[in-house]
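In the part that follows, the structures are each spelled out as C-alpha cells.
Here come two complexes built around chain A, the first alongside chain B, the second alongside chain C.
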Partner chain A sequence: MSSLIQQVINGLSLGSVYALIAVGYSLVYSVLLFSNFAHGGFLVIGGYICYYSLLKGGANIWVASLAALLGAGISAMAVERMAYKPIRERTPITLYMLIASMGMSIVIENIFVVTIGGRFRALPPVIPMQTVNVFGVASTSASDLLSLVTAVVFLVGLQLFLSKTKWGLAIRAASYSLRTAGLMGVNVNLLISLVFFVAGLLAAIGGIFLSARYSLYPQLGVITTKAFVAAVIGGLGSLPGAVVGSLILGLAEMLAAGFLSSQFRDLIVFGLLIITLIVRPTGLFGKSVGEKV
Partner chain B sequence: MIGNAGPESDRVIMSVRNLSVDYGAIRALKGVSLDVRRGEIAAVIGANGAGKSTLMAAIMGDARRSGGQILLDGTPLPERSYQVVSAGVSLSPEGRKLFAPLTVRENLEIGAFPLKNRGEMSEQMSRVYSLFPRLEERASQYAGTLSGGEQQMLAIGRALMARPRVLLLDEPSLGLAPIIITEIFKELDAINKTLGMTILIVEQNARKALMLSHRAYVLQTGVITMEGSSKDLLGNPEIEEAYLGGRKRQNT
Partner chain C sequence: MGDYTIGIVTLLAINCIAAMGVSLFTGFTGIFTLGHAGYMAIGAYTSTILIIKLGVPWMPAIIAGGLAAMFFAYLIGLPTLKLVGDYYTIASLGLGEAIRLVIENWESVTRGARGYPGIPHYTTAPVAVGFMAVLAVGMFFLINSNYGRAFKACRDDYVAASLLGFNTSRHRVFSLAISGFYCGVSGSLLAGFMSFIQPVMFDMAKSTELVSIVVFGGLGSMSGCLMGTLILTLVTEMFRPISQYRMLIYGLVLVLVMVLRPEGLMGANELGWDSLKRALSRAKALTRDTAARFGLAGVLIGIPVSYCFQPSSVRAISLAEYLSCIPSLMSGAVKFGAPLHKSVAPNAALAVVIACAICASFAWALGGIIKLVKKIDDSRAAGRGM
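What follows is the complex of A and B.
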C-alpha cells in the first residue's frame, strides 16, 4: 500500500514536470498551429543557465532559477523571431515552421555540444533530496514533492494569467483565431513573443527539475517527446488536456516502473499514445477540426 | 456634391486613393478610390468576387496593399492591423468571425483591446448593451451557441467596443433570414443616427445596402464603375437590372 502511494506521488511529480513542458508546447501549438520541435532546446538552455549560475556565478538556487527562467524565455522569443517569424510572414503553410523547428532543435543542441561538450553534468545539490514521510503512510523524496508543488504553483499562475488579464484573454482569442485577434487590435507579433516567452520559461522549470532528478546534457531535450505525447493524449492545443495527459503519463510510467519493470516505461508511454490515436484521435480534451472552423 | 445633411457630412473622414491589391498574379483591386464622409453611411455593392472583402482587408491592414493610399482624417492609415484599430477603424468581418469558445462578454472585451483601461471598457460595454439588450441577456453564453442574428449583433458590438471613428461592415446580411436582416439594418441605422457613427458597409444585398446608406459605390471585378447617392442608384435601371433582380422585385 505504502509503495503504491509512493509510486503515485512519484508519478504525479514526474507528470507535473511533463505538464510544465507540455503546456508551453501546447500553447505555442494552439496559437501558431505547428509542433515546435525546438521546445526541448528551451529546457536545455534553462538547465545550463541554472548550472553555470550556480557553479561559476556563485548564485544561490533562487537567483540561478530566475536567471534560467528569464534566459530560456528570452531565448524562446529569439528563436521565434529568427526562425519562425520570417516564415509565417511569407506563407500560411505551417509545415515550413515545423521543419524550421527541427533545424533549430539541432542547432541548439549542437551549440551546447560544441561550446561546452556533450558530457553529463550533475546539478550541485541545491534541491533537497532527502526522504520525507508523507502523512505516515508513504515516503518519497523532497525533490519530488518540491517539483510537484512548483509545477502546481506555475500552472495555477498561468491559468490565472490566461483567465484574468487582458493579454491572457488575447492569447485565448488568438488560440481560436490569430488573424481575427489581430483585427481586434492585438499586436500579434507581440502576442506571439509573449507566448514563446511563457513557453520557454515553463520549459526551463522542467529543465531544472529534470537535471536535478537525472543529469544535464545537451540531449536532455529529447524528454520533450514524452511531453509531446502527453499533449497529444490530452488533446493538442488544449491546456487542461496537456496537464491531464501529462499526469496520466507520469503515473503510468511510475506505476509501470514500480510494479512491472523500468523497461516497460517507454512501452507504456507509446502504448497509451497509440490507444489514444485509435480510440479518440483528437485526444481527451481535443477540439475536433470542425469546431475550430 | 449631393447629400442632404449638414455641412459636417461634406467633410471626408476616410479617403481611399487609387488602392490596388494583388493575390499573386490576380489583381483583386485595380486602383479603387472612394471617400467616406463624417457621419454618413457609405455602401459598396458588388457581386461575388468583386473585391469587397479585399477592400475591407486592405483598409484593415489584413491584405497587403500593392499601391495607393488610405487617409483617415488626412493622415495616412498605418499598415498593421493593430495600428489601424488604434487609429480608429474597426471591422465587423465577413462571416462574423466570432471567438466561438469565448463568452459574449469576453468577445466584447477583446474588441476593446486598444482601450486604455477597464473603466473605458465597461463604459463602452454598457453603450453596446443598450444598443443590443439581447447581448447583455446572453453575456455569459458562449458566442458559438448564439443564433445567427445574435452572432451578427455581437460582431457589430465587438467592432464598436474599440470606439471607432469609422465602422467597417463586411456583409452583415450574410446567411440571415430576411426578417433578421431587417432587424440588423434597423439597428445599423440607429447606430449611425444616435451615435453619429460613420459607417462603410460592403454588401451583396444591394437593395438593403442602398436603402440604408446615403451614398454608394458599385464595385465590379476590382474597379469602381459607378457612384452616387443611394437614392439615385436605387432608381437606376442599370443597377436595377444587374443588382436588384431586374423587374420582378420592384417593390421598394
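What follows is the complex of A and C.
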C-alpha cells in the first residue's frame, strides 16, 4: 500500500514537470496552430545555463535558475524571430513551420553535441534529495515534492497572468483568432514573442528539474515527446487539458515502472496516445471545432 | 566500377525507395512524419525472419516485408489520421521508439538489441536498382492517377476536397499505407545489403535523414526527391571525416530550406522537358551577368588555390596528379589522415570545396562591384549625352 502511495506521489511529481513543458507547448499551439518541436531545445538550453552558472559562475541556485529561465525564454524568442517569423509572414501553411521547428530542435541538440560534447552531466547537489516522510504513510524524495510545488506555483501564476492581465486577454483572444486579434489593435509580433518567452521560461523550469532528476545531456529534449503526447491526450491547444494529460501520463508511467517493468514505460505512453485517439480523438478537453468555409 | 562505387549505388537505390515513400506522404499528402524508419525496421525484420527461420526465398520475403510494414502503417493511420492536425506527427515521434523497444525486448524472435546476423547477401546492385525502377514507375502512375490528384487535393484544401465528395481521412490512411510499403521494401533490401540488422540502424536519425531528403528535394516532386537522395547521400559520403556534423547539417537543411526556399530544390515541378528548358534559359541569362561570370571563374581559380593550401606532402605531387586524384578522394576510398603520397586524403575534398566557394564568392562580389561601376559609368555617359 505504501509503495502504491509512493508511486502515486512520484507520478504526480513527474507529471507536474511534464505539465510545465506541455503547457508551454500548448500555448504556442493554441496561438500559431503548429507543433513547436524545438520546445525540447529550450529545455536543454535552460538546463545547460543553470549547470554552467552553478559550476563555473559560482552562482547560487536562485540566480542560476533565474539566468536559466531568462536565457531559455530569450532563446525561444530568438528562434521564433529567426526561423518561424519569415515563414509565417510569407505563407499560411503551418507544415512549413512544423518542419522548420523539427530542424531547429535537431540544430540546438547538435550544437550542444559538437561544442560541449554528448557527455552526461550531473547537476551539483543544489536541490535537496533527502527522503521525506509523507504523513507517516509513505516516503519520497524532497526534490519530488519541490518540483510538484514549483510546478503548481508556476501554473497558477500562468493562469493568473492569462486571466487577469491585459496581455493575457490578448493571448486568449489570439488563441481564438490571431487575425482578428491583430485587427483589434494587438501587436501580433510582440504577442507571439511574449508567448514564446513564456513557453521557453516554463520549459527551462522543467529542464532544471529533469536534469536534477536524471542527468543533463543534449538529448534530454527528447523527453518533450511525452509532453506532446500529454498535450494530445488532454486535447491539443487546451491548457487545462495539457495539465490533466500530463498528470495522467506521469502517473501511468510511474505505476508501470513500479509494478510492471521500467522498459514498458515508453510503450505505455504510446499505448495511451493510441487509445485516446481511438476513443476520444479530440482529447479530454479538446473542442471539436466545426470548420467554417 | 569498384566495389565502393557499386556499394554507393546500391545504398542510393535503397535510400531512394524509402525517400519516395516519405515523399508521397509528406510531399503529396502534406503530413510530416518522423517515424518512417520504424516501417523500414518492420520490413527488415519481417523479411529476415522469413528468410532465416522459414526458408522463404528472398524475392517473396522482400514483398512480404513491404506488406507487413504496409499493414502496420494502416493500423497506425486509422486512429491518428482521422483528424486534421499534428496528431500523426506526434504519434510518429513515439512510433519509431515503440517499434525499437518491441524489437529490443522480444528477444526470442528478433534477437534483441545485439542485432540479427547472418542474413544472406541477396541485395546486389541490379536487384536494388531494379526494385527502385519498378517502384518509381509505380509511384509515377500513382501520383498521376485519380488517387494522386486526390492526395494533392487533401493536402491543399481538405475542406474543398471533402465537399467534392472525397473521403479525406481514408485517402490520408491510404497514402500512409503505400508509403509504409515503400519503406518496408527499402528496409528489406537494406537487410540483404548489410547482412546484419540492428534496431539502432532504424533510429530517429534515419527518419530525420529521410525527411531532410524529401524537404531538400522539394515537397510534392518525385524527381526532386530522387535528386535530393543523390545529393544528400553523396555529400554525406564526401564529408564522412566530419560525420559528427551530419545531424547538424540535416537540421540546418530543414530550417534553411523552409526559411529561404520552402518549395525545395524542384518545388512541385517534375524533371522534364519544360523544367529543363526553364532551367536552361535561366542559366543562359546568368551567363550574360558579369557577376555570375566572375563567380564561375572563381570556382575554376579555387581548384589550384586549394592545391597551394594543402599540407606539404600533397604539394609534392604534381597538379595533374592532384586533379586526377579528385574522383578517388570524392569517393572517400582513402581513409582520413592516411599518408598523402600519391593519394589524397578525403579532407582534401573539403579543401577543394571550401576554396572554390570562397574564391567564387569573392569573385562574385568583385564582379558585382564592376557591374555597379559600369552601371554608374553608363548612367553618367547617358547624362552627358542629354
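Here is the rule we go by: the second predicted complex is superposed on the first by the 290 of 293 C-alpha atoms of A that agree within 3 Å, B and C clash if a C-alpha of one lies under 4 Å from a C-alpha of the other, contacts with A are read in each partner's own complex, and residues count from 1 in each chain.
Please note the rule applied: a residue touches a chain if its C-beta (ideal position, glycine included) is under 8 Å from a C-beta of that chain, and two chains touch if they have at least 3 such contacts.
Keep in mind that this is a model prediction, so the values were computed, not measured.
Visitor: Here chain A is shared; do chain B and chain C fit on it together or clash?
Guide: fit
Visitor: According to the stated criteria, A:179 is in contact with first (chain B), second (chain C), both, or neither; which is it?
Guide: First partner only, chain B.
Visitor: With the two complexes superposed on chain A, say which partner A:112 touches: chain B (first), chain C (second), both, or neither.
Guide: Touch partners of A:112: none, neither chain B nor chain C.
Visitor: Draw lines from the C-alpha centre of chain A to the C-alpha centres of chain B and chain C: what angle do they form, to the nearest 10°?
Guide: Nearest-10 rounding gives 90 degrees.
Visitor: When the two structures are overlaid on chain A, which partner does A:197 contact: first (chain B), second (chain C), both, or neither?
Guide: It touches nothing on chain B or chain C.
Visitor: Looking at chain A, does chain C or chain B touch more of its residues?
Guide: Partner touching more chain A residues in the overlay: C.
Visitor: Output check: A:83 vs chain B and chain C. Expected answer is one of first, second, both, neither. What do you get?
Guide: In the superposition, A:83 touches chain C alone.
Visitor: What is the contact status of A:48 with respect to chain B (first) and chain C (second): first, second, both, or neither?
Guide: After superposing on A, A:48 lies clear of both chain B and chain C.
Visitor: Taking the superposition as given, does A:166 touch the first partner, chain B, the second, chain C, both, or neither?
Guide: Only chain B; A:166 stays clear of chain C.
Visitor: Would you check which partner chain A:154 touches, where first means chain B only, second means chain C only, and both and neither mean what they say?
Guide: After superposition on chain A, A:154 lies in contact with neither partner.
Visitor: Could you tell me how near the closest CA atoms of chain B and chain C get once both structures are overlaid on the shared chain, in Å?
Guide: Nearest C-alpha pair, chain B versus chain C: 16 Å apart.
Visitor: Considering each complex separately, which residues of chain A are in contact with chain B in the first and with chain C in the second?
Guide: 291
Visitor: Residue numbers of chain A touching chain B in their complex, please.
Guide: Counting only chain A, the residues touching chain B are 166, 169-170, 172-173, 176-177, 179-188, 287, 291.
Visitor: Using the touch definition from the top, list the residues of chain A that touch chain C in their complex.
Guide: Against chain C, chain A makes touches at 29, 34-35, 82-83, 86-87, 90-91, 93, 95-100, 102-107, 109-111, 113-114, 222, 225, 228-229, 232, 236, 263, 266-267, 269-270, 273-274, 277-278, 281-282, 291, 293.
Visitor: Applying the document's contact rule, which stretches of chain C touch chain A when the two form their complex?
Guide: The contact residues of chain C facing chain A are 30-32, 34, 76, 79-80, 82-83, 85-87, 89-91, 93-95, 97-98, 101-102, 105, 159, 163, 204, 208, 211, 215, 219, 244-245, 247-248, 250-256, 258-259, 262.
Visitor: Tell me, which parts of chain B touch chain A in their complex?
Guide: Residue positions touching the partner: 60, 62, 80-82, 85-86, 90-91, 93, 97, 99-102, 106, 109-111, 113-114, 144, 158, 162.
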